[in-house]
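Just so it is clear, A, B and C label the chains in written order, and each chain counts residues from 1 on its own.
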Amino acid sequence: MTEPTLLSGRGLGLSFGGITALADVDVDLWPGEMLAIVGESGSGKTTLLNVLSGRLTPDTGVVWYRDPNGQLHDVHAMPAPALRTLHRSDWGFVHQDPRQNLRMTVSAGGNVGERLMAQGARHYGDIRAAALDWLAQVEIDADRIDDLPRTFSGGMLQRLQIARTLVTHPRLVFMDEPTGGLDVSVQARLLDLIRSLVTRLQIAVVLVTHDIAVARLLAHRIAVMQRGRIVETGLTDQVLDDPRHPYTQLLVSSVLNA
Amino acid sequence: MTVMLRTRALSKSFTLHLRGGLLMPVLADIDLEVHAGECVVLSGPSGAGKSTLIRSLYGNYRAEGGSILVRHDATMVDIAAADPRTILAVRHKTLGYVSQFLRVVPRVSALDVVAEVLLTRNIDLDTARDKARSLLLQLNIPSRLHPIPPATFSGGEQQRVNLARGFIAGHPILLLDEPTASLDAENRAVVIRMVQQAKASGTAIVAICHDADVRDAIADRLFTMSPYQDAA
Amino acid sequence: MKGYNFAYLDDQTKRMIRRGLLKAVAIPGHQVPFGSREMPLPYGWGTGGIQVTASILGAGDVLKVIDQGADDTTNAVSIRRFFARTAGVATTTATAEATVIQTRHRIPEKQLREDQIIVYQVPQPEPLSRLEPSRIETKRMHGLADYGLMHVKLYEDISRFGQVSISYDYPVMVNERYLMSPSPIPAFDNPKMDMMPALQLFGAGREKRIYAIPPWTRVKSLDFDDHPFRTINAPHPCGLCGATDSYLDEVVTDNHGGRLFVCSDTDHCSERRAAGHVGTDGFQEAAE
């Protein structure tokens, strides 16, 4: 397939002191595709996510991002204002802890509307309508629009974070354990929500998770990380049903009915 | 007759690293050819590798040797060598697969589990749901079950939802793994009718089917497999 | 005054402040750091404004100082006397006669001219300070003109109260680039800043920042297209001069709930009365 990638990492390496966090990592992501990065804690998956999103600069290697005009950008060589604009428009970041992203002293509607206002939206009625629309899409009742996030449950907070992130229709969203720390039933609802929104809006996603069942449900492709390296990558069902690397086999066999 | 699927010298083994790197060969030298409008049923005893073969054809298992050529659009794509995105494209347009078990998606209704296959093909929701509804009814899934997520369905009901999912898009090649295993006689007859219709419209089908009546009704020929032997 | 430099500050300091002022004028609305000096009065009493005034004052200038619009309040009187003694400049209470006007909390009602300079005393120069506590982050936001957060505040006000609830220190965009605090003037005065013929200088002593608006610069109060910025006029005229278009102060007149609404700009009010305008309470005052 010759379709150009949306995001490509080549030869990424990073160490913290003497500890190798990333080594020789190559990653490709195509438009509208969901890539899961799995591995146990400390395998380097969150580090990789931060490097791909420009939040961390690698010691070696480069990350290329292709903008909507087809222009390639070296993510770590971009001027800070450009990268920041990117993070507020074309990109999104969903944290495991929604409090990291949300403004807890600002109403749900204000939280959803902020990215629009940062992009120059100056019509209160339109902003509010967009906020209501997005709250509905993430299944938060319209009458909660003026409530502060601290009155929300964990699952609602996570859904609010997703609404706040997707309101600008990003092409690429980074997700760090978006369902971590939630009850199983809440998790299922959130997964289904992410799955349908991402499919409908054709958003490319890099998803970091230690939960293989989450990867199975959401991701087209999967990359398995161990000690800073990608040890196996391929179609999600291939890698999970026919794992080849000893570490992947261990990972898959450790899970019930993944 | 158009060749839709052809394997050459296909082989597959599993290396079990958790058992000290134990090597388990399953398939060797498989040469299979399936034409448009034809149904080939894999036969052979348990352990002969029928499921492994069908999963390899789908790209779910990664073949180790040989090739799996699939007619995709106007070209032959080698599933054994294709990159993941090509395999996804082939699955999307060309290669349908009905596994033995429905992989349940939480919270999605039976109707939408079936309809969503069409949504990714630029078909609008109403049309997709109409088609899904009639297919489910054809498979004797009553309307009252359509809005319910299939997680709570019986095994037979889940399998029929799975079949509706497999048949709705009209893939030119269909892989069926025990499509009637947990169905009663009435529903088996429905499935036989659907397979025959698909064949009549030119679909190439590879199936695993232990039920002799069903097999006799759908198979144009059998592809006999035997358990892997070192001598072979 | 013997033993002191002209206008109290030494020349090196004045030069440093003037350099800051030049930079501030060149980048309208941008906060320029400066080495604020210890002044013979505490922070919060106008140390920033005084240092700016001291740096621009010449022997021929005529100085007016107002506090809340009034020329006769303690702060205004002290600062006026301070410069009369340390610089020997002429002082006035008449807006039209002044060449330099130092102010706290008001802009005179009378339209200022190109040959005048207005110096604002500023307690908190950072308009984003209440929304974003980190100085590093607010600097970044200014650098990138990333002001969505300020609009979030306006959004919250409208969704909660049906309107923007900021009545003073209402944030403005200067020259379509920098978000700026107009100092704690009432929102009523904001429109006066837009395309003002006079040079506007701002000094924050404790926060050590200077900023400026050159003459004839666009100053826009933040708003939404469908909730445009509006000033609110008092529902009654000035009790003394009958003015209906000025900013009014409420004055409690007795212990029985008696009250009087009068122009906060004392010069404006007395000028109008001298010209024969009389408010509903004007006679009573004269009769008493």
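Just so we're on the same page, contacts are C-beta pairs under 8 Å (C-beta built on N, C-alpha and C of every residue); 3 or more make two chains touch, one makes a residue touch a chain.
Nothing here was measured: the structure is a model prediction, and the numbers come from that model.
Chain nearest the geometric middle of the protein is A, using mean C-alpha positions. Put simply, the chain farthest from subunit A by mean CA position is C. Centre-to-centre, using mean CA coordinates, subunit A is 47 Å away from subunit C.
Mean C-alpha position of subunit A lies 32 Å from that of subunit B. Subunit C has its Cα centroid 78 Å from the Cα centroid of subunit B.
Shared contact sites, meaning residues of subunit A that touch two or more other chains, are absent. The residues of subunit B lying in touch with subunit A in their complex are 14-18, 55, 59-62, 83-89, 105-108, 119-120. Here subunit C touches subunit A in the complex through residues 140, 143-144, 146-149, 151-152, 155-156, 158-160, 223-227, going by the rule given at the top. Listing the residues of subunit A that touch subunit C in their complex gives 80-81, 84-85, 88, 103, 106-107, 109-110, 113-119, 122-125, 127-128, 145-146.
Those residues of subunit A whose C-beta lies close enough to touch subunit B in the complex are 1, 3, 30, 33, 188-189, 191-192, 195, 199, 217, 220-221, 234-235, 237-238, 241-242, 244-246, 249-250, 253.
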